Amino acid sequence: MTKTVKIAILGASGYTGAELVRLLDTHPNTELAILTADRRAGQTLGAVFPHLAQVKAPPLVSIDDVTAEDWAGVDVVFCALPHATTQAVIARLPEHLRIVDLSADFRLFDTDVYAEWYGGPHKAPELQKTAIYGLTELDRERVANARLVANPGCYPTGPQLALIPLIESGLIEPDDIIIDAKSGVSGAGRGAKEGLLHGEVSEGLHAYAVASHRHAPEIEQGLSRAARRPLLVNFTPHLVPMNRGILCTIYVRTVGEADAGTLLSKLTVRFQGEPFVKVLPKGTLPQTRHVRGSNLCLIGAADDRLPGRVILVTAIDNLVKGAAGQAIQNMNVMLGLPETAGLALQPIFP
Amino acid sequence: MTKTVKIAILGASGYTGAELVRLLDTHPNTELAILTADRRAGQTLGAVFPHLAQVKAPPLVSIDDVTAEDWAGVDVVFCALPHATTQAVIARLPEHLRIVDLSADFRLFDTDVYAEWYGGPHKAPELQKTAIYGLTELDRERVANARLVANPGCYPTGPQLALIPLIESGLIEPDDIIIDAKSGVSGAGRGAKEGLLHGEVSEGLHAYAVASHRHAPEIEQGLSRAARRPLLVNFTPHLVPMNRGILCTIYVRTVGEADAGTLLSKLTVRFQGEPFVKVLPKGTLPQTRHVRGSNLCLIGAADDRLPGRVILVTAIDNLVKGAAGQAIQNMNVMLGLPETAGLALQPIFP
Amino acid sequence: MTKTVKIAILGASGYTGAELVRLLDTHPNTELAILTADRRAGQTLGAVFPHLAQVKAPPLVSIDDVTAEDWAGVDVVFCALPHATTQAVIARLPEHLRIVDLSADFRLFDTDVYAEWYGGPHKAPELQKTAIYGLTELDRERVANARLVANPGCYPTGPQLALIPLIESGLIEPDDIIIDAKSGVSGAGRGAKEGLLHGEVSEGLHAYAVASHRHAPEIEQGLSRAARRPLLVNFTPHLVPMNRGILCTIYVRTVGEADAGTLLSKLTVRFQGEPFVKVLPKGTLPQTRHVRGSNLCLIGAADDRLPGRVILVTAIDNLVKGAAGQAIQNMNVMLGLPETAGLALQPIFP
Amino acid sequence: MTKTVKIAILGASGYTGAELVRLLDTHPNTELAILTADRRAGQTLGAVFPHLAQVKAPPLVSIDDVTAEDWAGVDVVFCALPHATTQAVIARLPEHLRIVDLSADFRLFDTDVYAEWYGGPHKAPELQKTAIYGLTELDRERVANARLVANPGCYPTGPQLALIPLIESGLIEPDDIIIDAKSGVSGAGRGAKEGLLHGEVSEGLHAYAVASHRHAPEIEQGLSRAARRPLLVNFTPHLVPMNRGILCTIYVRTVGEADAGTLLSKLTVRFQGEPFVKVLPKGTLPQTRHVRGSNLCLIGAADDRLPGRVILVTAIDNLVKGAAGQAIQNMNVMLGLPETAGLALQPIFP
C-alpha cells in the first residue's frame, strides 16, 4: 500500500492527541488532514504544543466546522475526546471512515456495565456491537477487519497482555489476582486540576480510586473472556511523581507445579516475534524508564517467597503502548500497513 | 528529668545521621557531644551537610579517636553505621551507655536467620539476646528498660504497625498477606551508586530485590510473633522518584465478616492516644506527602471489590518514623522523657 | 511577654496559609483563633491540607462570617489573600489589630506605581501611607512600631538583602544590576492552572514574565531608596521543577578596587549576629536545598572572570523567608517577642 | 550515497554513547559495527542500557581488542571517551577513518589554553591543527572537508549559535556578555558521584564552577573569532533537577538603536532554512521541554527594561544538539548525507 493515508485527530489539544502527532510524524504513509480542538480552534498546533511547532500540520478547528467535503478527504479518524462525549460524535461520522477511539466509550461490550461505571446510558449501543477491542497482539485479526476499534485503556494494556495467555492456558488461578498499578501523571490528562499540580504530585505517592477505578471492569472483561466465566480482580492504581510510564506489579497464584519459569515460557512462546511485547528472562524485571517514548510492553516474572505465588511485572509508556502508539498499531493492522510503521522509535533515556 | 542528655551519633555523615541532628536540634533535653564519621573526620558538620551549618555541633571525628573520657561524658549513642559493621562496634562500647542502633545488625533475634540474610555470622550473639526491637508503640515497656534498642527498618515499620494488631486479634488471615511497598530514594542512603543517580531514578519506577529483600524476614519475625507461629509474607519493594516517604499497599484477606470498617475500628482503639500513629476514617487513604518530615505513621483501609479482601495503606517518612524519628522516640521512652520531645514537627508540604 | 497571642489567618487554604500554620505550630506564644478561606468555609484544616490534620486549629470560615466579637479576641492578622483583594479587606479590619500582609497590595509606596503594575487604582491609599515594608533585617525598628507591615515578595527578599547594603556603601554600580532568578513552583500558588501541572513543569525549565514581572518595581523601590535616586534593574524570573526555593544569581559591577571579598566583608559585618541571614565564606555559594523549610537567607559571592564584575548568589525558601517565615519574624518584632520564636527549624534535606 | 556507513562508537556505556545509538537507530544509512566500553567489555548493549535492548548492535568490546581488520570495516568513529583520554586514542586510529570527537580534547585550538584549563599538556598537538570545530550551522563547509571534527560542548552550543552572528554583525557589545546557563543532570555524565544522586540533586538548585567552568574558554574562542579580537564572557552554569536540557539566559548590551526585534531579524535571516535552529517571534521565549529528545536549538529574545539591553534565551537538549545529535549532523555533512538523516525526531513531551 503506497497511497498516503489522510488522518483526522479529534481532540488534538490533549496529551494523547499530541503524542499521536509526534508518532505519526515518523510514519511513512500518513498525512495529517484535520486536527480538532474546540476550545483552541483557530490556533496553530505549535501554539498549543510548542514542542510540535516544527510539524507540518493544519491549524486546529472546531469539530462542528468540519464539512462533509473535509471528511471526504479523510481515511482514518483517531478520536481522543473525553469519555462520555465520544459516542455521539462517532455515531455521526461518515461511513467510509475507519476509526480508532482512544476514549473509554466503546471499550465495554456490555452497555449495562458501561452505564454502571460511567454514570449514564450508552449513547450508541448499535455502534457498540460493531466495536472491536484493540489489544492488538491478542486480537489482530478482528482488528484488521474492524471499522471501529476501541483502543484499550492505559492501565488495562499491560496486565491483560500478561494475564490473558496465562489464564487461557490454565497456569494461574483466575480468582486470586491482585494488580498493584503505578502510573505517571500524564495518564490523568492535561486538565487543570489542583490534584495534578507539580506542588501536589511531586515528592510523594498515593493510591487513588481504590476498588472503584473504571479500568477495573475493563480488565475484568478481558480476563473473564479468557477464563470463559465472569471474574473479579483487585486493581489498585497509584499516582507516581513522573510524567510517563505505568508499572503493574501483579500477584498471582499458580496452578499445580507452575512457577515463574513456567509462566515466562508460556508468555515467551505466545509473544514470539511480536515487535512490541518483550518477555524478559527470569530474574530480570522491567522498569518504566526502559520503555519511555516507545511502543514497548515489557513483561517479567519472579517467584515469590510464598509457595505457589508468582510476581509478574509489566511496564509500558502510558501515552504510547497505553494510548497513541497502540492506536497507530491498530490503524496499521486495519490498513494492512507494516505494523511497526510510525512506531520504530527506541525508548528515550535518561 | 531536667538533666541534659549527652548524645553521640556514630555515622553522622549519612542521611540518617543528618536527620538525627535535624530533629535533635528541636529536642529540649539533649546536646550533641560526639559525632563520628571516619571518612569525614576533621570536618565540620556544615562541610558535610551545609543545611546543618547553623547547628551547634562538635566537629566530626573518627570513632577510633573517641577516648574513654569522651565516652564518659556521653549518655546515649545513636548508631547509624552500615549494616554488618555495627555489632563489633557496639560490643566495645562502655556499659553505661544506652544505645539505639539504626542499622539492621540487632533486629533479627535468631542469629541463624541473621547469618542467612546478611551473609555472615553474627558477631555479638550475646549482646543480641539483650536487644529489644524498638517498634515503640507495640513494645513501649520493654523499650523503656532496654540498654540496646534495635531500631526497626524503614519498610517494616508501617506494615507491622498495621498488621500486628490485626493478626493478634484474629481479624485477618496471616498466611495471605501481600505487601507492595514503594520507597523514596533516601532509604538507599548517600553512597555514590550508579543506580541512585538522578538520571537513573527520576522519571521512572521499578521493583527491586523481589522476594529477596532483607526487610522481609524482619517483617515476618514481627508478624510471626503476633501469630504465635512462623509465617511468610510477600514483600515487594519499589523505588520511586522522590526523596522521602514509604507507602505500603497491603492486601489482606479477612476472617469471618470482618471488613475494612472492622479493621479500622480495631486499629483506632489500639492506637488511641498515640501521638504518632493515626488511623484515618474509612474512605481516606494516606499519602506520603502528608507525613514528610514528621514522625507520623498514617494508616488507612478500604474494602476491595473482591469479597473478603481489604486493602490497607500505610505512609511514613522513611528518615523519620522509619529511622531517626523512631530512634529519638525510643530514646525518649528509655529515658522517661516526654515521648514527643524533639518530634513535634508538623509535616512539610509542598 | 507571656500572654498568648491570638492569630487570625485570612486565606488559609493556600500554600502560604498552610506554611504559616506549620511554623506557628512551633511558636511558644501563639494560638490559632481564626482561619478564613471563603471557598472552603465549613471544612477542617485537615480536609484542605491533610498534612496539617494533627494541628490544633479552628475550622475554616468565610471572612464575612467573622463577627466583631471574634475580631475582639484576635491580636494579630496574617493576610494571605490574593493580590488586589487585600486592600479593601484590611481597610475594614478593627483598629486594635496588628497586621502582616503577605500579598503585594501594600508593598509599593507609590500608589501610581501600584496602579501601573497591578492593573487598577489602589483601594486604600491612606492606609498605604502607614504601611511599613517588612524586610526585617533592614528595617527592624520601623517594623517594631508598625500596625500594618507589608511582607516582602518572595523574589525581592534575597536580592534586596544582598544588594541594599552594597549600594548604600557605594561598593557596586547601582545602574548595572542583573538579577537572574530561579524559583520553585510553590511560589505560583495552589491555583489549578495548566502551566503549573506536573506534566508541564517537571523535566524542564523556562524564563517567564521577562521584563514585566511585578517584583521588578518592588526590588527597584528598595534599591532606589538605598541609592537615594531612582534606578532600574534587570530581573528575569525562571520556573524550576522543584517545589520550594529561590536562587538568585546577581551580576554586579564593583566600584574601584572592590571585589567579591570586599563585598562579602561588608555583608558579613552588616548581618553579624542576624539569626537568619548568613554570609558564606568566599568560594562557597548557597544552594536552595540548604535552606528548604527554614527561614534562612544565604548569601555568597565569587569574582567573575570579567574584571570588575562579581557574582552574588542568594538562596531562600520562598514559602518561609520569602513569605510565611518572614511574616512571623515581623510579628515577633512587632510584639517584642524573641525574633526566632516559631522559626528555629533547621532546613530539611534531602 | 546509498552505501551503508559502518559506525564505531568509542565509550558506548555513557549517556552520550547511548544517545548516539538511539538516534542512529533511526538513520537510514548507518550500521553499528563496533561499540567499545572498557569496563563493560563482553556485555551486551542491553545489559548496560536496558532501554536499548531491542537495538541491533554488536556486544561491547575493549578498545584494545579492536583489530586492524575490525577498523578496516569501519567508516566513521564517534569518540565519546572522557576528557584527556581521547587525544592519545584518536592519534592511534587508522588514517581512513573519519572522526567526530564528542570530548573536549580537540575543541580548543590553542594548545596552551587547553593545557591551562584541562590540567596538562595536549597529547596530539599536530592532530589538533587539523581538527575542525563542528558547530555545524556556522562552519558547514569546513566540517564537510574535515577528517576530525571536534563536536562542541553542550553549554557552548546555544550561546555561540545566538551570539556569533550578532557579534559579527556588530549589533551587540562583545565586552558585556553575561551567560547564565542552566543544565539538566545528564550533562554531568553517568559516573557515580555523590553530588549527582537523586537525593542531592532533586528539589533544589545551585550554581557551580562559577568563573572556572571549562566551557568558558570554548565559548570565548568562538566569540573572539567572531569579534576578531580576544574577549572574555561571564559564564555561570547551574545544575537543575531535570535529566535533559540546557537553557541559557544571555544578557547583552546592544549597539546603537538595535533592540530585540533587530537581533531577532538578524538571527532569523542567518538561520533561514536551517532544519535545527529556529528563531522564535519576538515575545516568545523557548523552554527546554520544547526540544527534549530532538536536535533543535530554539532562540528567543526580549527587550529588557534597562535601556539598551536585550535578553536572549536559547534552549537545547544537551544530549542531542549538545552532543550526540550535533555529532550525527556533523557526520551527515562530512559524508554528504542529508543533514537531517537520523535526526528527524520531534521532541517528546510531557
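Going by the order they are written in, the chains are A, B, C and D; count residues from 1 in each one.
We take it that a residue touches a chain if its C-beta (ideal position, glycine included) is under 8 Å from a C-beta of that chain, and two chains touch if they have at least 3 such contacts.
All figures in this text were calculated on a predicted structure; none of them were measured in a lab.
**Q** A-D versus A-B: which interface comes out with more C-beta contact pairs?
**A** A-B
**Q** State the chain with the largest centre-to-centre distance from subunit A, centres being mean CA positions.
**A** C
**Q** Measure off the straight-line distance from the CA centroid of subunit A to the CA centroid of subunit D, and report it in whole Å.
**A** 36
**Q** Can you give the whole-Å distance between the Cα centres of subunit A and subunit C?
**A** Once rounded, the distance between the two centres reads 46 Å.
**Q** Calculate how many whole Å lie between the centre of subunit A and the centre of subunit B, each centre taken as the average of the chain's C-alpha atoms.
**A** 40
**Q** Subunit C: which residues touch two or more other chains?
**A** In subunit C, 15, 186, 199-200, 202-203, 241-244, 287, 289-290, 292, 350 touch at least two other chains.
**Q** Please output the residues of subunit D touching subunit B within their complex, sorted ascending.
**A** 15, 185-186, 190, 192-194, 196-203, 241-243
**Q** Considering the complex alone, what residue numbers of subunit B touch subunit C?
**A** 15, 18, 21-22, 25-26, 49-55, 186, 202-203, 243-244, 278, 286-287, 289-294, 296, 344-350
**Q** Give every residue of subunit A touching subunit B within the complex, in rising order.
**A** The touching residues are 178, 180, 182, 184, 199-200, 202-208, 210-211, 216, 232-236, 238, 240-245, 247, 249, 251, 285-290, 292, 302-306, 309, 311, 313, 315, 350.
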